[in-house]
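Taking it in order: structure first as structure tokens, then the write-up.
Chain IDs A, B, C and D follow the sequence of writing; residue 1 opens each chain.
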Amino acid sequence: MTGEQPLIEVRGLTKRFGGLTAVDGLDFEIRPGEVLGLIGPNGAGKSTTFNVISGTYQASAGSMRLDGEEILGLPPHRIAARGIMRTFQHNMPFEGMSVAENVMVGAQTTVRSTLGRILLGTAAARAEEQAIRARADELIDFVGLSEERDAEVTSLSFGQGRLLETARALAGEPRIILFDEPAAGLTPSECDRLGVIIRGIAERGIAVLLIEHDMRFLLPLADRVIVLNFGQKIADGTPDTIRTDPAVVDAYLGEAGGVGADA
Amino acid sequence: MSDLLELLVSATASGCVYGLVALAYLLVLRPTGVVNFASGEWAMMGAFAAYVLAGMLEVPTVVAIPGAVLVLAVIGWATEWFTVRPLVERGAGHLAPILALLGMLVIYHQATLLVFGGENYPLDGPFGFNRVELGPFAGTSQSFFIIVMTAVIFVAVWLFFERTVWGKSFEAVAINRRAAALMGINLRLVTALSFAGGAAVAAMAGLLDGPRGSVEVNAALPFAVQGFSALIIGGINRVEGAILGGIILAFAEDLTRRYVPIPSGLALGVTPVLLIAFLLVRPTGLLRAKEAG
Amino acid sequence: MVALMRWVGGAAVLCVIPFLLQPYELDLYRKLLFWVALAISYNFLFGISGQMALSHFAFAGIGAYAVVILMTQAGLPLGLAVVVALALAAALALIVALAATRLEGFYLALATLAFAQLLIVVLNEGGSLTGATGGLTNYRLPPIFGFVIGGPGTAIIMIAVLLATLAILLRIDRSWFGRACRAIRDNSEAAAAMGIDVARTKTIAFTTTSVMAAAAGMVYAFFDNTVNPPVFGIDNAIMLLFMVIVGGSGSHLGAIIGAVLLKLSQDFLEPIVGHYHALGFGVIVVVAILIQPKGLIGMWDQIRARRVAARKRAAS
Amino acid sequence: MGIARTMIGAGLRVLGVAGLATGVMAGAANAADTIKIGVITDKTGNARFYAEPVLQGIMLATKIANANGGVLGKKIELLIEDDSNKPDVSASKAQKLIDAGVVAIISNSSSTATQQAQNTTIKTLIPQVTHNGSDTLTRKLDNKCFFQIGPLGSIQIRTLMAYARSKKLKTASLVTDNSALGQILAKYFKIGLEKSGVKVTVEEVIPAGSKSALPQMQKVRAAKTDAIFVAGVLARENTLFFRAYRQLGLKQPIMGSFNLSIPTFLRTAKGLMEGVTFIDAMDPAKPEAQAFIAAYQKEFGKKPFSLPAYGWDDMNFLIQAIKRAGSTDKAKLCAALQGSTGWAGALGAKGTAYDFSKGRAGFNPQGAVVRVIKNNDHGPVVHSGTK
């Protein structure tokens, strides 16, 4: 894994809001199939990092390269088009659509048929639509929402909503998925299920960037963890090294008192 | 020069009317996020309420004006209670209350039309239309009455928001409903009061304008359009924006009609053009929101 | 194949009706078709794409005026006039869309309302070009392929425009484009995160549906052989909005039902209950929004879902 | 007290109209035995405030005709349709009436709506009558069976000019509103003024929904014209005009179109209109007008303004033609209407009659009168005709 070329290389990523520097010269990289955790206390700059990467915020400085190509500063839909998909901390389903349609929206970046071809109803366009539907079905099965395939999304539980977001992000055939605190609000059993799914995603060769608060969820899942504090990276390593890193314990884990102990 | 000064008095009075309708929009919009296109109907109904009290029941003006305002406040309150509240509590989308109020617009309009017909009714101003000269400024007593009343209303509303605990809680709701509810603010009451206040202010606009031309059902749509145009120009976040927008709009209209050599029919385009320009170039209006916190 | 048969069958039924009607009924029928065609495209714009634009009737007016002016004053043959008028409407729609689709919710409503108002000012002040407040009249639909088109003929042309509108919109609605539009309507931030170009999608939806409105407007211009400003004003724009809401916004069938119901109630209820009809109309709209935000179609779905549930319970 | 009076008044009005309606509908027991006449009126739109009084006149004339035994031995049955002053609806309603078998249609709505309805009636050449004053109605479409009985805008201005000749006008201001009729009247006022050698130096529009007419009237004041001509239709906006006129201390004579004859102005612009001259189509001194006034007074217990007289003439114009045609066949009726030259109605100056020899707009060019507002009422006729 370590031998592979990084998929994404972030260098000197900085985001300032007025006088406040929320993210300060952050460097990191992710490789295909890697699960990278991003942790830190509240206000450490995790969410800001996330929003800058996904294109919601404009970075103040820095660079982000995908396969060596600079993509920092592209608008969100272009970032997504490069294969960087995300989930939302508060689920953001498309409420007027069924579960299957929600997942099919995720396949937007894979679409090749033009509107003209759709109007003409060409065989290729129809085949593509079939393929999108089939893929959505497959992903719904993968995350375990088969029963709810045709349900209104408003009828889903919060945990099911999280699974839907995951399936939706996968439908875009992403090279990397960004998870924004995926375990927040889930029951322990739902957490376990999500953990298995995230592992499964990584095994498909998709990189995963996880922002998480819940160490019990994150540490067993991550291949590598980056710790932020006041917008700066204070540690970067395997979960085991992070657990014992004095700076991390000092800034964050110390107070939680052996959070990782039972992992 | 004296022409210009006289025109400015009249335009300021018109701008005050626009500003009051804009304020009616704003009072509802701030805490609820709902644009109430029925504000124009409220203004028209306020004028009719004043006509019923002063013109038909022959109640003295000092009673008729607050009476009409009160009637509309009750209508505003009721409107909130049975069209907006159920939607908000159900968590309906942000467009649903706007559309429900559009439906209410039709109800208000048709109900008034059924009662009063398409006729025009005269409404007397308390001081008539004598020419008054204040230094270099000349205008009718009604114009000065409009300006003074509007100033009083805006100062009162401004003081309410800036200086009272109640006003602060409105502001808190405007900034963040959820946080405000957590702080123990009664969202329902704030919302209901916003509608009552909005309707009351709209009624003032209607009954102050009524004596100039006359009272009629068809006046509602122009009120609605002029009011939100003023609101967009001034900015949707500040009480001062409403009156500023109103006066700018009235000046733009009247000065164009007076001094720009285009057919006066084309001068009608001033309002939509200004509105489009502001929406595209500066959708926040001239006055921005104060920084939260 | 079955689908095609169904379309042909539907078109045949619609096209036979005009020959069975009395002249007044025929006139109502084609005006009803005009409203239905507009409601279908407006539903795509408002109900599916989530853009609360109030310019839809204005574009119908642009189409109607453009084709008449090009034909009678520029002397273009009908076919060319139609093409140029459509291009003109598309260009205008694109300009409005590029500017207005950046605006959200009621801001868009205000901007498009201002545009619609501006159009009325221009039509009223257009002198002999637009016929000013009186509008344009005294023109006729020239023979098409040698056929002189009468009342039923204009109805059939309207049916063609209506079905084309429906077919195109159904097809794109059931594709990635329709999903993109719905996604933007429901949550534009999440839509962008899924790789949807929000501004571009909205612009395409706005321009396409506005051109469809213009096409319907062109046929309308030959119903009474008159175009005048009041028809394309704000009243009818709001009426269209109500049709879509009452029928069930976001649903093609809902838009059709809403348009038929409200238009017919205007024509048939009004003579019976007089002005109370307009009042009742407002009540229906408010009640529809309060009780079932998805309109009549939503109510129907609800009833059906309950029945299915009851049947399941009974079976188990 | 006031409200009680008004409410009772409103109630009486409703009852009165209802009574009239039953009077009209009675005798319609066997539909085949009636002569159906269609009316397209505005009950719910923005032309309603003048369409409703006109409709009163139509119904009154019908009631009286039926009481006198009807026409050709049959009662008249009115089929009344509301178009809300919407042009497209107006055209549909015309077709509806034709299908219902009416022998003629009276259009009592705005000129825009009437014009669109004409495109329907022209197809079957069913007689259509209106009192609308727009000059373009008989010119834009060559509808051989469309007749206009109201004073055209061009006649109004010629009458006003004849009256003003003694005042030796050189320049004039022209003020109107943005309603369709207001615009059309202004157009013909301008043509008429310029034909008489009067220069129109200021043309102003007071758009619907204005809050003041001061900017426009300042321009009028600055131009120092010899007179101000008013072609506007809207009551509210015209009131703004009179307010600004008073506020700016203007003294020029005001000469108005027949729209100032709408009694609403006497209430909304109360006391502001003293001495204003306006065109009226009714001369109370004319015997035919006196007959109308007497009938109206008997029915409603008060003196009529001129608006119901338009409807009265619309209907009586049709009735006399049906009698002369001896048939309700549309071609014969059409010819009889065309040949109505010499028939005198309640409208028009004393001694004038309708004249269709030169066109389908039959109001006698000498028929309009100029009246003056006096004591906040429609005062005496001070001039009549275009000479």
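Here is the rule we use: contacts are C-beta pairs under 8 Å (C-beta built on N, C-alpha and C of every residue); 3 or more make two chains touch, one makes a residue touch a chain.
Model, not experiment: these values are computed from the prediction.
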Report task. Please strip out chain C, keep the others put, and tell me the connected groups that result. Result -> A | B, D
Query raised in the report: With chain centres set to the mean of the C-alpha atoms, which chain is at the far end from chain A?
Result: D
Query raised in the report: So which chain ends up closest to the centre of the protein, judged by Cα positions averaged per chain?
Result: C
Report summary line: Distance in whole angstrom between the CA centres of chain A and chain D is 74
Requested in this report: Take the average of all CA coordinates in chain A, do the same for chain B, and state the distance between these two points in whole angstrom.
Outcome: 48
Report summary line: Distance in whole angstrom between the CA centres of chain C and chain D is 37
Query raised in the report: If you average the CA atoms of chain B and of chain C, how many Å lie between those two points?
Result: 32
Query - Residues within chain D bordering two or more other chains - result: 44, 178, 183
Query raised in the report: Where in chain B do residues touch two or more other chains at once?
Result: 113, 221, 225, 263, 265, 268
Requested in this report: Please categorise the chain-chain contact pattern as a line, ring, star, complete graph or other.
Outcome: other
Query raised in the report: All pairs of touching chains?
Result: A-C, B-C, B-D, C-D
Report summary line: In their shared complex, chain D is touched by residues of chain C numbered 22-28, 31, 124, 132-135, 137-138, 220, 223-226, 228, 230-231, 266-267, 270-271, 274-275, 278
Query raised in the report: So in the complex, which bits of chain B are touching chain C?
Result: 35, 83, 86-87, 92-96, 98-100, 102-107, 109-111, 113-114, 221, 225, 228-229, 232, 263, 265-266, 268-269, 271-273, 275-276, 279-280, 283
Query raised in the report: Mind pulling up the chain C residues that touch chain B in the complex?
Result: 52, 99, 102-103, 105-107, 109-111, 113-115, 117-118, 121-122, 124-125, 234, 238, 241-242, 245, 275-276, 278-279, 281-283, 285-286, 288-290, 293
Report summary line: Interface with chain A, chain C side, in the complex: residues 168, 171-172, 174-177, 179-180, 182-183, 185-187, 189-198, 204, 250
Requested in this report: Sort out for me which residues of chain D touch chain C in the complex.
Outcome: 43-44, 81-82, 85-89, 91-92, 95-96, 98-100, 111-112, 115-116, 118-120, 134, 136, 140-142, 178-180, 183-184
